[in-house]
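Order of writing sets the chain letters: A, B, C and D. Residues in each chain are counted from 1.
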């Protein structure tokens, strides 16, 4: 007779991932959400917010490098960066690898998340918390950016939870918000946002809607994705610039050129992002491209879009 | 999207119980076994040894009262009791409720189990650890009883893990051991042992074999069972006496007589065991009775019987 | 890499049974419910209505013998029997074993269930469908009994689905219905109804409420239960008589007397029900007895009680 | 109370996919393997061999287009194609879309698989079974190719089960076999083989070993992968040519050129494969590239490699 412990996370109502559970280290309700730190045998230590995997030790580098570096390199010379969310501090860690960066302002809603990540996920934030360039604040990312922060930014990175009904991040996926962000960006500024699942079976949840919404506020928006095994799915991102950049040129960027740019501008090694990974990420498979092209929803305060 | 945590325990290879998991409080390997204290939503705090539920907060009283009181009341006036195993200290707790008892010697193999139960399962052992009548020792229950203990006993209670291949308790289910126990009992002495699953679909694992083996060493052996929800099954016990008692009289004991005996001899209330519960427990359903009658295996050192 | 098929049935929201699935033979929506015939490795062919196990090959004899024989033998000489529900035809099979019986009128709501059981579960109804004493009708069990059936009955057996909100059987568990049944019974008549889960952790769902409700309509009501492994729980029944019978005498009926009555009145062997099984079934464990005694709900059309 | 049916397929020992099961249509043991046709709510009708998903209605086009078209277009003008395996007939369907093709010889080991796919998966083989260019045979793909087939081939497609110990396909992944295939290819001939899981967490199972083994027999071998949701993983392929082609040129093939080649050479629309999908598939993420580069195993008859 045997027994076993499992973490079961739904990908869709008809499909879930069953992960062997090793420990349940932390489990508390913050003012905003349920915060858990667990360890699965497959993915290692994992941050789970409101029952949903945020990042896991085994593949968090894929998620965080994909979120940060395409935007930073598309800009080319970012000095001032704003991170909305990013509680694991791994997004800050990646931003701070860019030698051009003078200041990273990061605003996360939930102090409990930031505290528990500092304590339980030390490898996630290696080097970032002590870096004097990081200005870490607890508060509302939208209010701070639009009302409190002084000056403008070169890159805005939105590392926030999915747009779930009653979730805290819903207002950070709307046309109204994106238009305000555009005004806080310097000329040539870049915004990147995580954009939900982007796989064959779930890309229609919100990936395309976020893309179409961003296009209301930015002249060039490029969607991309990468497989995150601990998410059980390909995952989507959208990067947008205030310049009328050619999306095709972004997608088909030469491998050697991008590798050279990374070598010149990023200190330390990247584990995931390079010229070939870029081609993989930015050239979506046909079904997903077709889905984005067919998307008609634009997310506004009056017409929100919610994920499963 | 939702996620959930589960403790999955096999009842048979084709059937398992899925229990919603709340916490994983303790998880260490002792010298003898894997020791875990968990909490499930249905059964509360639970001691799990080598992946198998030993007792759970919600129904541990059923298991421990069923193990202890029928033997104690069958004896009628037990003064000296020996407990083999019993790490939760709840078996001792029940023995010590009998006002006739002057001494309970308890020997459990695994000090880690005893320590973690004292710390994590305080309600299991309420009152027993401070009772001066309890002589608690860490060691081999068989060796201690047969080689080290002085004197003889009125009742021997075997609260040990199931006979699993390579498990520590295998030698405590053999004809050889039972014959030695019989010699350590006073005249009129009683032995009781937990005896594995006793349900319709799993009573043939070892319940009958333990019964038939005890009959090699004792003139009267009576099997009984009770449903333990956290075990996912009816659970079996065998009580044996050195007197040629009439098993039918034990099974059909009058409700009023037993209720009166409990009132006279047990201090404090019992939550489970009384005259009607006795009739329920000692009158097995026909399929299980037939299975015990058809059982031909006798467990010896040379011919062990192992549970699934 | 391995894969497996499972039938997962909730016992409570925090506990489910996971059964290895072998086949999904039949799966259709009738006018009243979803009707499935499946095969699990542990329990064999199983009838599932609206996602809930009704009876399984391995232990259907326990359920059906427990439902039928205590009521029939409590009556002593039943000639005319009414079965409400009973689609598997196994309840009819057990009633027809009583040599005194001249007529069994059975009314099941769902012709699809009756048809699929005849075809897929032949061992369930062995002998009953060809027996000329059986008058099998498709229709509403309540309407037929109260409005269409001529004459009165000695025994009424309610083999119906649980009282689930929006389920078809809700009106067959009310005080109003029981009072009407009492009028359709001959002097000395007996009613028995399946009464939902009766285990330590789930007896408060409806077992006690059905008991208290029956007491509004009958002078003597006796609750009893048996473990049904394929239900994952002890299961409850209530038997009620129009005579002021002594419940204690029913519970503690002498083993020999009951065995003799069965031998005299029942043709063919019973696999489960006999004198000892009766003592096991009718003497509930203390926790469940206490729960029934503490129950204050009476089920009426105005105040229904729904199971989980 | 609710119940549900599940198909649980392990991705690794610590991770499995739980798919809601709708039907179990076919389940028989052939001379070679267990053959099942099931339907899951997420992926639709699915062929499962020895407990492992082979292809599913929702995403079979991704798998079969990825397997066939890169090899066919790398060749440029294939006239005679050999398919080893391919029981669903979907690989043949894709090959026959190439207007240059005069003959497709397909040899699958298991007639039961071919028969059940023809009957239960009609959309998989739409058009292929009636196409006079298809020469479908039941037998051993290795023996037939090497001993019985006359002439040589332009493209060899290996659509076979994974290299599992005691599985039928183990000999179709060895250096010895690949060397023999190379001799059966015309000048400029191309071989492609499915190559097992290629995700971040499972690419080290066999993807790299198959790649390194092919390099013993072919001057140019290019690995690629695509996410197959019903496999729960990125999936790997290796395409090899008898010409000393530049792998980098294959990987970075211009989108417009490939789109034009497809338009010119393939009749009917492709749902998945085009220029951008090619860039996504052929540019592996860095971790997987590093894993392939570090792979030292070469699979031979004497030193087989088995997947989990």
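Criterion: a residue touches a chain if its C-beta (ideal position, glycine included) is under 8 Å from a C-beta of that chain, and two chains touch if they have at least 3 such contacts.
Composition by chain, UniProt nomenclature: A, B, C, D = thermospermine synthase.
Computed from a prediction, not measured in an experiment: that's the story for all the values here.
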Touching chain B (thermospermine synthase) and also chain C (thermospermine synthase), the following chains: none
Superposition of chain A (thermospermine synthase) upon chain D (thermospermine synthase): rotation angle, C-alpha, nearest 5 degrees: 180
Proportion of interface numbers common to chain A (thermospermine synthase) and chain B (thermospermine synthase) (over half same, under half different): same
Inter-centroid spacing, chain D (thermospermine synthase) versus chain A (thermospermine synthase) (mean Cα positions, whole Å): 34
Inter-chain centre distance, chain B (thermospermine synthase) versus chain D (thermospermine synthase) - centres from mean C-alpha coordinates, in Å: 57
Contacts with two or more other chains, residues of chain B (thermospermine synthase) listed in rising order: 8
Chain C (thermospermine synthase)-facing residues of chain B (thermospermine synthase), complex: 8, 12-20, 40-43, 58-59, 62, 199-201, 226-227, 229, 232-234, 251-252, 255, 270-274, 276-280, 283-287, 289
Interfacial residue positions of chain A (thermospermine synthase) with respect to chain B (thermospermine synthase) in the complex: 1-11, 21, 23-24, 27, 38, 48, 51-53, 162, 164, 307-308
